[in-house]
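Shared between the two complexes below is chain A, which pairs with chain B and chain C, respectively.
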Partner chain A sequence: MRHTAWLCAVVVGCGAEPPQPASIPIPTPAPAESAQVDDPGPTILVAVPASEYRPLFPSKGQTAVAVAPFALERTPVTHAQFLAFVAAMPEWRRSRVPSLFADSGYLADWAEDLSPPPDATERPVTAVSWFAARAYARWRGRRLPTLAEWEAAAQLPLADGGNAARAVLAWYAKPASSGPQRLGTGTRNVLGIADLHGLVWEWVLDFGGAMVTGDARSDSDLQRSLFCGAGAVGSARPDDYAAFMRMAMRSSLHGRNSTKTLGFRCATDQIPGAR
Partner chain B sequence: MQPTSIRITLAAVAIAAFACTRETSGSCCGTTPAAAAPLPGSSLWQIAAKCHDQTGRLRSLTEFRGRPVLITMVFTNCAYACPTIAADLKAVLAKRAANTDLHVLMVSMDPARDDSVALAAFAERHHLPAERFTLLQPPAEVVPDLAAVLGIRYAPSEGGDFSHSNVLTLLDHDGSIAARLEGLGADPTPLLTAWDRLHSTSAH
Partner chain C sequence: MVNAWPLLALAALTGITLFVRRNSDITTPPPAASKLAATTAADPVTGEETAVLTAPPMVPPPITRKHATKVKVALEVKEFLAPIADGVDYTFWTFGGSVPGSFIRVREGDLVEFTLKNHPDNRMPHNIDLHAVTGQGGGAAASFVAPGHSATFSFQCLNRGLYVYHCATAPVGMHIANGMYGLILVEPKEGLPKVDREFYICQGDFYTEGAYGQAGHQQFSMEKAIKEEPDYVLFNGRVGALTGDQAITAKVGETVRLYVGNGGPNLVSSFHVIGEIFDAVMAEGGDQRTNNVQTTLIPAGGSAIVEFKLDVPANYILVDHAIFRTFNKGALGILKVEGKEDALVYSGRQQEGIYHPEGGALQTLPRGDNAKIAAAPADRSKEERLQLGKRMFESICFACHQKEGQGVPNAFPPLAKSDYLMADRARAIRTVLSGQQGKITVNGVEYNGVMPAQNLTDDEVANVITSVMNSWGNQADMVTSTEVAKVRATLGH
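Our next item is the complex of A and B:
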């Protein structure tokens, strides 16, 4: 059924559309361009009560960052959900996305603009840039979680009493050759939020705020001059290897980057159940 | 391969997606000779936000198309790095005093505090003449986008300040990145070389 819909979309988008004269700018996508696909809808939100995030590198005198109540999607965004987005917003299709907003790895595992890999409803979309993730969230009327929000949710105890850091290390030790597993194969925390650990890395709104400062590598002089505010730091959580890996990963990213282990989920200030 | 119309659509849609104050296609002013052509996919001016400058005027980022631009992000309450960035900028310009085509944009990462008055005070304090330097207060929701395309890392820190990386970026006439200079007091040679190349292009 869905394949038929895609096929129609391709036919309508490329074949049936009359060529436009080059001199006429089109302010919004022509109706013929937005393809009809099944939208699984937005992911269910889980309310996260007021919490705190203990930064790896707190500034002087700081111990924790207060995180206001917010709501986080229960699972990462899937290929099928992202397909609904690119179907509605053609400028985010693989063949059309401006290079400013996505590198050449964008949706690299999709066969065509509107053809995600198999099991699209059950697997997290990866190889999406931060700009694309942000645009998806905006399209859903949501936003990306902040780093503090994401980490606060990730620091909550697991439902089975397990150790999150250990779960991440076990996941990290597995080869990534076959791409991400299905939703629900990662951890589940006490609030029921799934896959924060053990499925994919995830974009956060302020990933650019993640910086490794005051390190002792040979480029530390560069680091110091590159980052105003260096010094007066030392890690408060030297045992949380997983958090270090996330920090290192985020600090190496640019907004247009896309990698096959990096997905995202959305957040919102609209707490479900609250008025 | 792609019809021009689609490229125009793309630019227009990108504008709609990223600007807080939307633009109609094209540009307002006679100062953008190349405005009719679609922007390349790598152009920063696809983020077509409108920002107040240090004189209080509302400026569209696309106005700066058509000439090379040196762009960076600062906040005017910055005690250490940002005055140094201003000094670095002036040092770079001084090495090519005869080339007047290049314009400098300093975009605030602290738009809550950096209004036109604060920007004007910073410009005066550091002797940044308005004909060469435009200081901008972008809409708050565009700050992460601008920082991301420029590869500038920033995070709010205690006392309302920001930790941030210092990056000068040279944009070509269409707003695509031609060169980047990371760090304070870095050797500007690669930037100057790229500027020379742009300058010779525009001279033709």
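Our next item is the complex of A and C:
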């Protein structure tokens, strides 16, 4: 209820007093009940060299977006890693998180605040909001990858020479009710980055920009062009169904949303081995 | 007369003269009410109700309400694995757990409050575009939801008719190809003429990695979908959804109305019912009633309402008259009608005879001579017979038994690994020489069809049987001309 009261205060404040600062305050955590859990530590980073991302919906005259060198975590964040985060940051526990930052599906597969499902070290955490994913990354001293970075890594050839789009189609064809598989059951690309396809969907920093501009909460014209036949207008690759599926997924989300098949991984500009 | 009040009221309001319509006669066109009258004669929305939704082939009961109301419709999107044919599984995406999705029935002028729920176990975001909606995207943007979420929007039913709804999330073709379509009927204010039975049928084309009937879990084939080369063309989402125990039924003397949609995504349907003539078709789901129609064209993303009276008992076969789709891709349903025969309407076979185009004089020519005339070396090698037999198979037999000898489920028995074929070579020879009629059991499945006698020489019969008994996993000794001649001698012709 705390955040609701705060919202009311802002509304009242706008009318009667000088506006409040614009930053979104994270509610003050209750006296820390820091829990002792094993932290598996951050995921190993893999350097991704400078590359190009060809957007599904390029702007006029645009063919590719340059992607600067960065580093991406080799696998998605696991339940065990996320447990370490919520243990240290009680405000991100399921019972405490403000509904502004996570909907009711947040960590729905956890039995309690600090009780992730079995095989926590081997399974990707899902049912996390974008706000929570971003907070986790910040806590690790990293950030979420941008859409262009994520897609640039995802379009690298697979280590086994396979077809990534086909891997995505095969993945969706399996019923999802059993929950995500273990890390490493998806694809692996030539750099050794695993599970970009075939395990879970992943948050990206600018997911709301999937349609070039605007955000996911508005019904801008650009967003509408996602639907039906109009979805193919202006698309550089109308036959890349897997890319359409990712884009549709991102466009359907709000930052507080969570779904059973949506996880994340972190990125950083601090490239391992670089000086 | 139940539906006459709104008409009379409309007549009073607009000052037009109406003909009173006999409800029982489904071929009588309804009075032509202009669209303006239909959409601007503001019908105040009073009350609220929850829509009755039905899974195919059932249709919700007619609306008896005489006023517009607020109708709440809630559809849940579910993704799940289910058989698309016996032994073949496919991951369907559905509105309400069936293909096609739940039938929605509302009345012209109704205010629909529509809620789309995307089940948390689903992997995909979804939405709905109802062709009955006037407004941006037919509701697509307003209803776009991620798994585990729901969205609500409202629309007024300005236009009456039978409309397709479908998912419109990118890649839209794939969402439709996986089964995300259904029908919403906006009944005219005056209602539709009363009929005895109504059914709900939707055609759709499906694209799988494996060929038609290939067993196991088949995933969606993007390549075939883009090329528009479906493996399956189906009524109600499954081979056999409307046959056998699932056939729809009615009785002689009854009137039937079919609400037929075509989800596509690619093919246009030439909808036809074998053995019936549509007394009336409301083509493309609109107002225009056309009488006495054999086949009606239903575009992808379109519909038709067809009506007919049942005069004689029969198994009426529902097909897409682009007939290879029926024969090889599953587009087949059955309307089973029982009741009293009427020999005047249809006699059945009255006489059977032999037809000799050569004329009567040739009737005495013994068939055995024919075989001798074309006598070929009796001592062909097995290799030679295999080669010649294969060529013959591919020019005659494959039409029914199919290229790989796999047959057509429920119609033509397989030859590949067929216990029936391999058990008795004399019977195999006899079947080719004099044909086969009546029930047989092949690999545990019963077939009840007709194979015509083949007018072939002993040598040709030996070739073709040698070939089929040594193909597609079958293995047997060579069949010789002498062997065929012996069997022919026992047949007495």
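One rule holds in what follows: the second predicted complex is superposed on the first by the 221 of 275 C-alpha atoms of A that agree within 3 Å, B and C clash if a C-alpha of one lies under 4 Å from a C-alpha of the other, contacts with A are read in each partner's own complex, and residues count from 1 in each chain.
To be clear about the criterion, a contact is a pair of C-beta atoms (placed from the backbone, for glycine too) under 8 Å apart; a residue touches a chain by one contact, two chains touch by 3 or more.
What you see is a predicted model; the values in this text were computed from it and never measured.
When the two structures are aligned on the shared chain, A:38 is found in touch with neither chain B nor chain C. Contacts of A:261 after superposition: chain C is touched, whereas chain B is not reached. In the superposition on chain A, contact of A:165 is made with chain C only, not with chain B. When the two complexes are overlaid on their common chain A, residue A:241 makes contact with chain C while staying clear of chain B. In the overlay built on the shared chain, the residue A:135 is in contact with chain B alone; chain C does not reach it. With both structures placed on the common chain, the touch criterion links A:122 to neither chain B nor chain C. In the superposition on chain A, A:251 makes contact with both chain B and chain C.
In the superposition on chain A, A:206 makes contact with chain B only, while chain C stays out of contact range. Taken together, the two structures place residues 226-229, 251 of chain A in contact with chain B in one case and with chain C in the other. On chain C, the positions that touch chain A within their shared complex are 79-81, 91, 120-125, 127, 129, 136-137, 140-142, 144-149, 168-172, 174, 217, 219-220, 222, 226. Contact residues of chain A toward chain B in the complex are 19-22, 24-30, 59-62, 89-91, 96-101, 130-131, 134-135, 138, 205-206, 208-211, 213, 222, 225-230, 251, 254-256.
Within the complex, the chain B residues that touch chain A are 2-6, 8-14, 16-17, 24-26, 41-44, 46, 78, 80-82, 144-145, 147-149, 151-158, 161-167, 182-186.
Within the complex formed with chain C, the residues of chain A that make contact are 103, 105, 108, 165, 169-177, 201, 219, 223-224, 226-229, 231, 239, 241, 244-245, 247-249, 251-253, 257-262.
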